[in-house]
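First chain A sits with chain B, and in the next complex the same chain sits with chain C.
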Partner chain A sequence: MTARTEAELRQALRAWVRAHSPVPVGDGFSDDTPLIASGHLTSLQVTDLLLFVEELRQSPLDPASLRPGAFRDVDAIYATFLS
Partner chain B sequence: MTGDLAATAARLSAASRRAYQNPYEAITWPDAVDRDQWFTSPELISLYGTPAWDGLDERARRELSFWEAVNFYSLNIAGERALMEGLAARLYRPGLEDVAEYLHHFLDEENKHSVWFATFCLRYAGKVYPERKVAFPRDYVEGEEDLLFFARVAVFEEIVDRYNVAMGRDDRLAAIARRINANHHAEEARHLVFGRRIVEHLWRRHSPGWAAETVAGVRAHLAAFVEATWREYYNPEVYRDAGFADPWAVARQAWEHPATVAHRRELGRTCLRVLRAAGVLEP
Partner chain C sequence: MSGRPPIAAPGLAWAANGQATLSGPLLALAERLDRRFAGLGGRWGAEELRFPTFIAAAELERIDWFRSFPQLATFPVSLHADEANLARFTAGEPVTGDGRVQLAELAPVRDVLTPAACYHLYAHHRGRAFDGPRWFTTRATCFRREDHYEPLERQWSFTMREVVCMGTAAEAAAFLDEAAALVDELAAPLGLDLEWEPATDPFFRPSRNPQYLMQRVDPTKHELVFDGRLALASRNLHHDHFGRAFAIERDGRPAHTACVAFGVERWLAALVRRFGPEPSAWPEVGP
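After this line comes the complex of A and B, so read on.
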């Protein structure tokens, strides 16, 4: 797999949220939109999201990095798992 | 507390005392296992019926069955850890005093199961697969957290039991795998009875006082929990250990394949029937 740029990775994360959010994602959705507080991400979706992130980075995640703050917004997910 | 639930808990406590086992004597552990045996029934392997499965020879399928067993036992360890935390937190909680004695047995038996599962994983695979879960803090209305806890337990255990029942009597499996599954089923049968009764009790007690949006939220949460539970059966680390070059693609393709969708629908029927019978899910 060809390495993806930061912009491509962020775009992939935003697309995942748009596809899986239990509530509608508005036009104002951005990388610093709170995911948990706004209902775009629930704890039960974390497994699915992490598998997606692992596929993006092509390596497993460190379980010690799994804390609620890592899923605050797209910025946090990128910084924690993909940067 | 209704008399029915208290009576069920007392009956189950008596049964647990009669069936009491020393976890360190209940199973004889060989020093090593031959990975050329089956450790998971082929039909229950997550890739069964998919192109990835079709591409494996017999030896590779048996190797995969070993790592699938490690994943199944790892899922049980993670599930039982959350279960034990929740049970311990509810011991002697107001409203649950009449079932406290059974909660002690429940805790004891889950701890023993984890000993068995972890012994297999660590002795023969050298690891337990980590879980990919994070709990986000949230608020609950009265009774909602207890109902969700016991309903999640019921869902998890009903699915696991379908696997245990099938594999506990599958003569193709290595004796140690058959024994672990059969032993787990024998004790889980009591837990399933308790789970069904307490979910029904808590739903009847609390849901009439809940707002419609709370009821809808509980139903949505449990539907999502069923899917999240199944998602963990498709673990890329299993596929990597079994030798697949792109384990995440294998996991995604297996999850989406019609054969596995049908498998989950079939094996998930029991847990959905339990939630519907309790009134939690709509008929």
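After this line comes the complex of A and C, so read on.
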């Protein structure tokens, strides 16, 4: 499989949020929009997001290694798991 | 096991089933501590409620408590009231020589012994709609099954005092910030080695529990830890988790909630560890 570029990975994360957010995702949504504080990510979606990030990085994540802020926004997810 | 010798102090009687009996100066200290903790709610005019020992299992099912913490649950059970069943129970040896009850058929179990004091508050206010922030305090004997017990530090039954806010997200967050500062003020004169640390709840199979994952990436629980190992209190931001589960509203939207919780016996443990078992050496904690 061809490795995805940073732009493609960020685009995939934004698309995932738009598809799964329990609250409407407005036009102002960007890579530094807080996901949890804005209600786009709750405990109902967090497991699916974890699985999606594993799929993007093509390797498993140890939940015990998750750190505060790791899912803060798209920027943080990319920097923590995909860069 | 901790490797430290178990706490021994006048006024502490320890039972092998993980429960403590308090008397004398140690009991008086526990009562004074609890008054200080409850008094913290006075900042907001918190309403005090006192709840029964059991809580309906159906209430905790609303928050998926049994799948999250099955290892902690303690259930009140009773024998099925059928006379033949009771006769079978009495005809045998009700309690064996090693203290095991030989139960006959059981009646349906619909309750659980209170695992955390604040759950009662959410169940009690289920379906309520508030037009302003509300604050409550309650004290409960709580029950948590553990794989080992230590006097005052890890008990099957223990005393929990909580102060709870129900309001908007901003009101709950403001309450928690101020409550943490008040706890620091309360604790500072006691001379204990304490630090607030991010924490997670003891979920069963945590890596598969979305609430655990959420607590990892967005810490909403902090514990006031004594001596680097023993949580004496916690502050918890629940977002709208309980508001949604119990249909509690603030201005037409699910209420956000937050709480500070104190484990009374653990404060006794910290004071006895730090200052020894003699009451004359204990710091003043209030009337």
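Brief remarks on what is shown
Just so it is clear, the second predicted complex is superposed on the first by the 80 of 83 C-alpha atoms of A that agree within 3 Å, B and C clash if a C-alpha of one lies under 4 Å from a C-alpha of the other, contacts with A are read in each partner's own complex, and residues count from 1 in each chain.
Everything below uses one rule, namely that a contact is a pair of C-beta atoms (placed from the backbone, for glycine too) under 8 Å apart; a residue touches a chain by one contact, two chains touch by 3 or more.
Just so you know, these numbers come straight off a predicted model, no measurement behind them.
In this superposed model built on chain A, chain B and chain C take up the same space, so to speak, and clash. In the superposed model, B is the one of chain B and chain C that contacts more residues of chain A.
Once chain A of one complex is fitted onto chain A of the other, the partner contacts of A:Ser83 are absent, as it touches neither chain B nor chain C.
With both structures placed on the common chain, the touch criterion links A:Arg67 to chain B and to chain C.
In the superposed model, A:Leu44 makes contact with both chain B and chain C.
In the superposition on chain A, contact is made by A:Pro22 with chain B only, not with chain C.
By the touch criterion stated above, A:Glu55 is placed in contact with chain B alone, chain C being left untouched. Of the stretches 25-33, 205-213 or 277-285 listed for chain C, only 205-213 runs into chain B once the two complexes are overlaid on chain A. Taken together, the two complexes place residues 36, 42-44, 46-47, 50, 63, 66-68, 70-71 of chain A in contact with chain B and also with chain C. The touching residues of chain C, counted against chain A in their complex, run 198, 206-208, 210-214, 216-219, 239, 241. The residues of chain B lying in touch with chain A in their complex are 130-137, 220-221, 224-225, 227-228, 231-232, 236-237, 240, 246, 248-249, 251-252.
Of all the residues in chain A, the ones that touch chain C in their complex are 36, 42-44, 46-47, 50, 62-64, 66-72. Those residues of chain A that touch chain B in the complex are listed here as 1, 22, 36, 42-48, 50-51, 54-55, 58, 60-61, 63, 66-68, 70-71.
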